[in-house]
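Naming follows writing order (A, B and C), and every chain is counted from residue 1.
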Amino acid sequence: MSKPKILVQLDTDEQPSVFDGVVAVDAGVDHLFRHGNVDPVGVRDLVFGAIFTRGLDDLKSSAIFIGGSDVSAGETLLAAVKNTMFGPLRISIMLDSNGANTTASAAVLAAARHVLLPDAEALVLAGTGPVGSRVVRLLAAEGVQVRVGSRTLARAEATCDSVCKRVPRARVRAVETASPNATAAALDGVQFVIAAGTPGVELLAADARLAARALKVAIDLNAVPPLGIGGGEATDKAIEREGVIFYGAIGVGGDKMKIHKAAIRQLFESNDQVLDAEEVYRIGKQLAASS
Amino acid sequence: MSKPKILVQLDTDEQPSVFDGVVAVDAGVDHLFRHGNVDPVGVRDLVFGAIFTRGLDDLKSSAIFIGGSDVSAGETLLAAVKNTMFGPLRISIMLDSNGANTTASAAVLAAARHVLLPDAEALVLAGTGPVGSRVVRLLAAEGVQVRVGSRTLARAEATCDSVCKRVPRARVRAVETASPNATAAALDGVQFVIAAGTPGVELLAADARLAARALKVAIDLNAVPPLGIGGGEATDKAIEREGVIFYGAIGVGGDKMKIHKAAIRQLFESNDQVLDAEEVYRIGKQLAASS
Amino acid sequence: MSKPKILVQLDTDEQPSVFDGVVAVDAGVDHLFRHGNVDPVGVRDLVFGAIFTRGLDDLKSSAIFIGGSDVSAGETLLAAVKNTMFGPLRISIMLDSNGANTTASAAVLAAARHVLLPDAEALVLAGTGPVGSRVVRLLAAEGVQVRVGSRTLARAEATCDSVCKRVPRARVRAVETASPNATAAALDGVQFVIAAGTPGVELLAADARLAARALKVAIDLNAVPPLGIGGGEATDKAIEREGVIFYGAIGVGGDKMKIHKAAIRQLFESNDQVLDAEEVYRIGKQLAASS
């Protein structure tokens, strides 16, 4: 008989996320150990406590989830956690600070329903942020030509550099999108756009979007009005508007949630997984293929 | 099959209450998410995490409990929680900071076993505090004539004003109870008295109580000696002493606990309940009627 | 039907121990209430919440575990917890800050497999620390002649005094072990040595150990290289090396874990137990006898 499933929730915010907790319970976790205010220094004892308490055969029934609103703090925590484990004394880990990995995966998979990924060209608005840069990584790994949009060209270029280091043969290009005109130019010729900006900020106005002739799919990950892409709704899920298929943040949310749950379940299948953007995306692809 | 029952315990104290946790478990909660040091600002993300994670049909399996020693802080939190929910995206909420709602309900129901509520006249000692003011509210809503006792008349009057705003046709009257003589006068002619003062403070001496001819029932919610009403015991439960029926804090505690558990269970029957004093009292009345 | 088993984990560290949590789950606890940063002042409300929530027959299904890295802080907490309970209103308590009680018990039981306890003479290196002083207490209570080693003779003497107050007829003697020569002298004639020093500090060099003719068993509770006793391995479990039977920290760890789990299970057998070093050791002895 296998041991009860324990998920150690390491959150960088003061209060550990209720969202991540509910999803874990609904994915079948038996016991949640919820920790807030976790920093890289404090990680050692928490990880030791998880890897030293069960026999090697049972370690797959313990796992770690890293969350919180600050994705960069989560990445630092992930590095610290990985660093603390050694040899066979390890348990599986998932990173999904701010929902970045599950959201980016769901967004790319939404696009893939309507365009043939390696061939279509994409624009990622706010492509330098935690979610946007993950979208860029995932698209680039699929062979897609990606324009990485940012208000500052230098930041877009930094993201391109970083993606090129991770993804061999990445076809990414920095574009400046500080003004409506620049954004319109950046959009010219792309088949799909994914807006990954901060809540309540419009990144692409309705008229600019209408003028983009090649555009087939528009995916907006901002749920708080004003939305990131003018003319859509947060609840849009493959809704056609003037020839363009729309997805809003809530429309993408259902798939995001399914991916999140499937990833949590997968944590307990072996003791050596590290689920970051690419691994979470792969789980999403399997879900899409089997549905 | 319904989802596991998750209760999000939002506590205004540093350490979330063990008392509220045990009662929740004994009421059938599957997973407790316990949060201490919760303030109105931090509430938003916690509530969003609870309302955005399950489908509309399953939201009734998530609920929020607000507790902590500071009733006024709990009330502020309740307002913030209610404010964060919108449309059908809501889950049921119970407030029972310092046990105020369950204690006040159990006290009124204890009295109702021995006097006919709308007809009897009542004195509530320390009627301006968190528990006392709830006792006044509940009695007033039952049509009882209530004398609201306080060491400061102005505070008693403020409570009367506040109760009148909530309860149409409330028959409440402020009485000053700063001295033994004033308390004796306030007690004259009432059929039952409920003492809701701070632990370890006597509000009504044994001789004053003996002199009150009309008095039938004395309920004392202070469990720490010296008790609030002289001559009784904390464990009294419908014990007759010199012609007066006594209840002590522990004597009332059994019913308080049953009401608390029933209220937690009811949280999971729909996703739109707000259980404050009146709703908790109604649950207590149903329990009393069915027992 | 008995109530769900609730273990209230009171930890003196900021983050409650994951180690203690996993062991509790694996020992069959249904609900863990995990509290970090617990201090003696805050203990009262937590304990009241545990003892006032269930009927006398059900109190055995609630229990308290005191942990954290600071054993002395844990002992202070234990005193405060015991002080808060009264009459029949009590629940069982276990202290195992820094694993001191379970580790000391497992170490003594490892020795007892190879030497006849009352007859053999022992040296406890770092015998003044939280684990070492518990080893001394347990050995002394078994009637063993114990040499209590410390770099400072006065500290060793203080430990001897404290043990003599607890254990009538204790045969303990302070020895100074500040230098290799002093340690070699302290080791002369003893049948077994237990090293309970801080991680990464060698207390007994391999050559000194080889020179000790009477020595039969060497037990080292330090898992971090350099180990406490030269020439052994942390994973040693009754491994013979040049005529001496070795145990390392990981080798002792399996039994320590079994004792820890058995102790947690025993907490829920009645509501009045206090499991400190002696009681935990007794549980370990029963396990050893029945295996």
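General remarks:
Criterion: contacts are C-beta pairs under 8 Å (C-beta built on N, C-alpha and C of every residue); 3 or more make two chains touch, one makes a residue touch a chain.
Here the structure is a predicted model, which means the values were calculated and not measured.
Of all residue numbers seen at the subunit A-subunit C contact, under half occur in both copies; the interface is built from largely non-matching residues.
For the pair subunit B and subunit C, the CA-based superposition corresponds to a rotation of 120 degrees in steps of 5.
Centroids built from CA atoms put subunit C at 46 Å from subunit A.
Residue numbers of subunit B whose C-beta contacts span two or more other chains: 34. Residues 13-15, 17-23, 25-26, 32, 34, 69, 253, 257 of subunit C are the ones that touch subunit A when the two sit in their complex. Across the interface of their complex, subunit C is touched by residues 3-4, 6, 8, 30-31, 33-35, 37-38, 42, 45-50, 52-54, 62 of subunit A.
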